[in-house]
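Submitted below is the structure of interest, expressed as structure tokens.
Read from first to last, the chains carry the letters A, B, C, D and E; within each, the first residue is number 1.
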Amino acid sequence: MSRTIKKISKKIGLHPGALVHVGDQKIDKPIIELVRYNENEFEEKRLQSMEEFISSRAENKITWLNIDGLHDVGVIETIGKQFNIHPLVLEDILNTEKRPLIEDYGDYIYMVAKMLSYDDEENIVKAEQVSVVLGNNYVVTFQESVGDVFNSVRERLRQGKGRIRKDGPDYLAYSLVDCIVDNYFIILEKFSESIEDIEEVLMNDFDQDIVEKIYRMKREMVLLRKSVWPLREVVIGLERFESTLINKSTIIYIRDLYDHTFQVIDTVETLSEMLSGILEIYLFSLSNKMNQVMKVLTIMASIFIPLTFIASIYGMNFEFMPELQSKYGYPIVLAFMISIVIFMIVLFKKKKWI
Amino acid sequence: MSRTIKKISKKIGLHPGALVHVGDQKIDKPIIELVRYNENEFEEKRLQSMEEFISSRAENKITWLNIDGLHDVGVIETIGKQFNIHPLVLEDILNTEKRPLIEDYGDYIYMVAKMLSYDDEENIVKAEQVSVVLGNNYVVTFQESVGDVFNSVRERLRQGKGRIRKDGPDYLAYSLVDCIVDNYFIILEKFSESIEDIEEVLMNDFDQDIVEKIYRMKREMVLLRKSVWPLREVVIGLERFESTLINKSTIIYIRDLYDHTFQVIDTVETLSEMLSGILEIYLFSLSNKMNQVMKVLTIMASIFIPLTFIASIYGMNFEFMPELQSKYGYPIVLAFMISIVIFMIVLFKKKKWI
Amino acid sequence: MSRTIKKISKKIGLHPGALVHVGDQKIDKPIIELVRYNENEFEEKRLQSMEEFISSRAENKITWLNIDGLHDVGVIETIGKQFNIHPLVLEDILNTEKRPLIEDYGDYIYMVAKMLSYDDEENIVKAEQVSVVLGNNYVVTFQESVGDVFNSVRERLRQGKGRIRKDGPDYLAYSLVDCIVDNYFIILEKFSESIEDIEEVLMNDFDQDIVEKIYRMKREMVLLRKSVWPLREVVIGLERFESTLINKSTIIYIRDLYDHTFQVIDTVETLSEMLSGILEIYLFSLSNKMNQVMKVLTIMASIFIPLTFIASIYGMNFEFMPELQSKYGYPIVLAFMISIVIFMIVLFKKKKWI
Amino acid sequence: MSRTIKKISKKIGLHPGALVHVGDQKIDKPIIELVRYNENEFEEKRLQSMEEFISSRAENKITWLNIDGLHDVGVIETIGKQFNIHPLVLEDILNTEKRPLIEDYGDYIYMVAKMLSYDDEENIVKAEQVSVVLGNNYVVTFQESVGDVFNSVRERLRQGKGRIRKDGPDYLAYSLVDCIVDNYFIILEKFSESIEDIEEVLMNDFDQDIVEKIYRMKREMVLLRKSVWPLREVVIGLERFESTLINKSTIIYIRDLYDHTFQVIDTVETLSEMLSGILEIYLFSLSNKMNQVMKVLTIMASIFIPLTFIASIYGMNFEFMPELQSKYGYPIVLAFMISIVIFMIVLFKKKKWI
Amino acid sequence: MSRTIKKISKKIGLHPGALVHVGDQKIDKPIIELVRYNENEFEEKRLQSMEEFISSRAENKITWLNIDGLHDVGVIETIGKQFNIHPLVLEDILNTEKRPLIEDYGDYIYMVAKMLSYDDEENIVKAEQVSVVLGNNYVVTFQESVGDVFNSVRERLRQGKGRIRKDGPDYLAYSLVDCIVDNYFIILEKFSESIEDIEEVLMNDFDQDIVEKIYRMKREMVLLRKSVWPLREVVIGLERFESTLINKSTIIYIRDLYDHTFQVIDTVETLSEMLSGILEIYLFSLSNKMNQVMKVLTIMASIFIPLTFIASIYGMNFEFMPELQSKYGYPIVLAFMISIVIFMIVLFKKKKWI
């Protein structure tokens, strides 16, 4: 967290639009990849510099320019001039701590998304910012470092499978963002597995299975909710769609269905609340049991420890202990002990511990 | 959870619209059921292949085609072509991890819902995805496996009871979704029973009935809230309906009623907050009691354990223990013990434990 | 809860509009009460059957028909035909597990509300569903059983007090719903009293009054919030009302007032958060104290229990215990004990318990 | 709470518009204060009865009529007739348990607010309902008892300071509500002080300052949030205002600023969540430490208490204890004790307590 | 908190628009800084009094007037008259406890923001109110004390870098607010570091790393959520933008992408809920373990402490203890002890502790 904020504070005090790269430098030299295609042709090469690009513009083709590495501000500026991108957008491209966003600048649309990868060694998620500029016949993408999740798009471009080569740059941009989103599932899978591992370890601590039972029910309830909630919108949709497919006379039945759906949702919510209530009760019952156990211990200890002390006094081997010679010493001590026991019991009764 | 995500990640990298079945294969061969009906006629048969269907189109009848089993991508594609369904919709039909949704494609409406069943053995809820395509004179339903909750609809179709044979395919689609929703209540009933069982077990742990009392009140409050909250909308409805049935002069009274209703809601909320507050206090009081018990134990132990130790020292049978022969040994030890007791009491007083 | 759901599942599989009573049968035979009135006349009788009603229609009067008992589906159907009520509405009337709702059917408005009563013996709230159908010159009410909260309305009708006989059926319907809402306060009063009883019991467990103090402040805060929040809407109203009563030059001051109000709300929220924070700290301090107490106990026990054991070894009366005869036995044992004490103290210091 | 509800239930069963005072009678006889003013003139007197008022109407002046005490329904009715106020409004004026509200009746605006005062003795907040009726040239205020927060308004009226005598009755009404709101701060100040007192007491319980540190940070975070959240609206305002003061070319920068602001808010939220997480961890660490302490105690006690018991058996002075005479008695007992220790240690190792 | 409220209550009772400074007096004499600039010229001076300013008005230049110190009401009033600012705005400028806000007065826009600074010594955040009045060719800023975050703006003005000298006063106002927002990151950085310090300390308390693991996952989840949630708006943007850059045929794919995004969000939420569930289970498992430990202790103590007491009785050295001479004394006592052990074990079995 503090690293993120530190990066941002790097920029404080500069005039807006000043180009400063706030991320870590992740590679030596920016890598510029150029892909040009239309339905029939496909061309792919790695450029040495932006000059090479400027001299090679081609008509009737869609251009995808991908830049890996943002620390070379000059390259970014050249691209900015080439595609007529506003300085503030360039600034945002360099500021790798942006939130995902979309902005329409008329001539082009600017999007920011986060490409995630899971670092198996450190068990953390790494986020890399991807900026996408979508123009009328080009897409420019900016990444912080080498390696991305776009290989399947590149492959589909090369092979011309599906609609991708037939459609415009908007379809390409869509495909790229789609890849980023799809990749999230891989990250989520890792998390999901870790959670299940921990769960299994924790569940071993319980002899009684009541916690496990409640917990499993809670989870089923989460899944239930995921089935039921969106259904409401389905039914609303049926009613609201001004489709000729839905007859007016059916609308009244659909409204009834909506009502049923709401009743299901209501019940799911009520049951969820009841489950939470039960967990609370379980916690109370744990505390209560502990109290019970502690009371037994305290009562036993409070009664017998003083008695043992008294007995141990008369177990001392001093030569001059007048009580020991007395004929009534033993019964008196016993009587005294019994009176202590009675006193203690009365006391605990009064405290309502017994 | 992780199973769900794994299924989704199966599809990553494919071009959109690529038909891949992401669920488990649940049956050997897809089963195709065809129902055709109008107000007077009814026909029902199981098809061997889609070809059989294509050759048998009938005018003036509503067609309900039900497919059980999604792994045979060819069948789905044929149906898609037959009914002119967009490839993305077909893709969604095969992706059995969709959320319930509804989409209007002009010529047809596409809906997804989850059909739930309760597995009594494993105590889990199983969800099966049902896709419904509603066209101008047909309904196509896709299910993952054999067995569904639509038998009551089939029966009503066969017998021609109610409006179902008189109305269009939209009424059929409504009836199917209605069946799915109704079936949720059976699942919820099972949950509800399990929750009540656990509750009963937990309640046995409390001698005092205060927790039980609070908990029952909380539950009554949940029910109360369910009665009161929607009432607000009823009263708003009365005021907002531009119905000729409501005179303008009555509106002012209805607004007053709205005010009363809001006061009831307000009070219910306040009482709920107070109940939560009481539970919190109860938790504090449990902790407090435990502290009390522990203090008693600690005080008793801290005073008498050292004393017993001292007494036990002079209970040792060493031959050479000069103190034992001393005439003042016994009184000195007693005095020492008393001074320890006084010291301890002063110490605990200072700690405010006594 | 499970009872409610069971009732609903009774209906599953029937075609929509099928009339089935899902509630318990609460009385033997439905009771039909007919009230007819206009400004000058008033008539009230108990009908034996719906036929009696059909034969007695009267012009220029408002009709209030009240049915107690819903299990006789025939009666409900007759009423439905008489007043031209949609089958789905009749179905909803019989389904006593509906949520409160309002629906406008053009010719009539259909409302559902819950009439609550408090069962003093079982300490639970009982809900009875009341359905109200409001037409252009009639009101029909359906209840599950005998006994309701409408007696004050009947009395006002008989005596012709207030507007009730002068106004239309909409005013009657309003009065009925108003009675239901008013009755909620009686239920809430019972709850409120129970909560205060429990609170008093719990508060006795605390010697220190800090919990009580915090809790009382929390409650005052709830009341404060109830005074302040709606005030915001008052001030917004002053600004938004396009009333000629408010001069434009005053609007700017009202906006300032709005600002003040918001500052008050802000402060109330902040103080509430601080109170919650304090309760959290109190919980921590309880845990902390417990830790302190336990440490003292553990330290005392860990030091003196082993020592006492050693002493008790040499208190055994075996004839052959060579150490006992040794001249240095006693001092060696003492030295050993002291070294144990030192060792323990060092250990606890290291654990930072002392 | 229950007192409030009881008052409301007083009214149940009466026809709407029936005038009944639901509050406590707080003073003997209602006090009627009349203030009349325009820019040049000012008149102030206490009326004996409403008749006196009726006979004294004056043109070209603004009238402020203030009534203290609501139990004399006749007075309220007379005022109602005089100013043509709807019976339902009069009913609301008498019902002192209303929520603050505002209603526009065309000829007049009706407002309800709560005037709070702090009872230093009982440490509770007392609420008094103030109803304000604002007409085209008059303001009528109704209070439950003598004593209010309007003295500063009266003073300003008398002295003719500021705009108050120059402006209309709407400004007067505004000034009155403003006084009520301002007065809330005095109540909040008392609360704030109490909270800080308790906090100080609680903080003394912690030797380590970690809780204090976290808590202080949480509070700073609350203040931070109060600075940052409304700023968002400021920036939105800058963008949305269709003011000629803002050039179009600047809008793009403002949108960037909005983005920054959102990033700040995001970070504040994340840090808040982290702080909550830390508190949770602290609670776990407390529980964990307690567990540690208890384990040490249990291990020490479980090992040494049985040993001491064995030793104390052979410390008994029975004449006939054959083991005592045996030459091997002592070593055998010692060996037995050691084996117990080993057994215990193995057991605890297996339980993973050591 | 209470300080803030006290300041506000200073003003209570004054007529609106009365100029009173409610903050602390932070400097001796207000400092008035004047900056005038256009694209070519730049002038900067410190004024002795407002008179100096009035006599020096200049055409064709943008004026930035900055006032440090608000206690001299006269100065504020003069400025108010000079720039024709509404008295209520002046009042708000002096009331340093305002929430950030923006108001459009037609001729000028009034903004309030909070400038924060971190006091390293006391570890608290200090807030200073900055009021900005933006007119058609001027900006006036009011601060409570000397020292601000605007030096970078001053520097850019002096050097004429970027757009600042070319653009109007709106750009200047934007730049000032931007500085304030940027400065928040510095404060947040300090917080972030403190939180991480505390975290590290707390994490040392756990031998098992399970808490740490869960906690780290929770944090990663927070970051994930920050990546995913705004993405949804990006995709919505793509669909909603009526940009010619997006073809209609692509829209359907984008809707599909939206669906995917929602599925990711759904999964993130579900995983978060599962993590919270796991923490709850962990808490239960801690309580459960504690219960286990306490039971062992209580059982050991309850069995052996009474036995030791009995043994110590017969270890007393009274001369007259008839049991000691009895031949069967020893075996009887042993038998008695064994019977106690059996009784205890049965008791604990019944309590289900063993």
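By definition in this document, contacts are C-beta pairs under 8 Å (C-beta built on N, C-alpha and C of every residue); 3 or more make two chains touch, one makes a residue touch a chain.
Here the structure is a predicted model, which means the values were calculated and not measured.
Looking at chain C and chain E, the chains in contact with each of them are A, B, D.
For the touching copies chain B and chain C, the fraction of interface residue numbers used by both falls below half; the interface is of the different-residue type. One rotation lays the C-alpha atoms of chain A on chain C, and its angle is 145 degrees to the nearest 5.
The distance from the centre of chain D to the centre of chain E, with each centre set as the mean of the Cα atoms, comes to 21 Å.
Between the Cα centres of chain B and chain E there is a gap of 33 Å.
The set of chain C residues touching two or more other chains comprises 1, 5, 8, 16, 99, 101, 178, 182, 185, 188, 192, 195, 226, 253, 266-267, 270-271, 274, 282-283, 287, 289-290, 294, 297, 301, 305, 308, 312, 315-317, 321.
Taken together, the touching pairs cover every possible pairing of the chains.
Within the complex formed with chain B, the chain E residues making contact are 252-253, 255-256, 259, 262-263, 266-267, 270-271, 274, 315. By the touch rule above, chain D contacts chain B in their complex via residues 1, 4-5, 8, 16, 86, 88, 92, 97-99, 101, 103, 315.
Of all the residues in chain E, the ones that touch chain A in their complex are 151-152, 156, 161-164, 175, 178-179, 182-183, 185-186, 188-189, 192-193, 195-196, 210, 213-214, 216-217, 220-221, 223-224, 226-228, 230-231, 233-235, 237-238, 241, 243-247, 249-250, 253-254, 257, 260-261, 264, 266-268, 270-271, 273-275, 277-278, 280-285, 287-291, 294-295, 297-298, 301-302, 305-306, 308-309, 312-313, 315-321, 353. Remark: chain A residues 1-2, 5-6, 8-9, 11-18, 99-102, 104, 106, 108-109, 111-114, 116, 123-125, 127, 134-136, 167-171, 174, 177-178, 181-182, 184-185, 187-188, 191-192, 194-195, 198-199, 201-203, 205-206, 211, 215, 218-219, 222, 226, 279, 282-283, 286-287, 289-290, 293-294, 296-297, 300-301, 304-305, 307-308, 311-312, 314-317, 321, 323-327, 329-330, 333 touch chain E in the complex.
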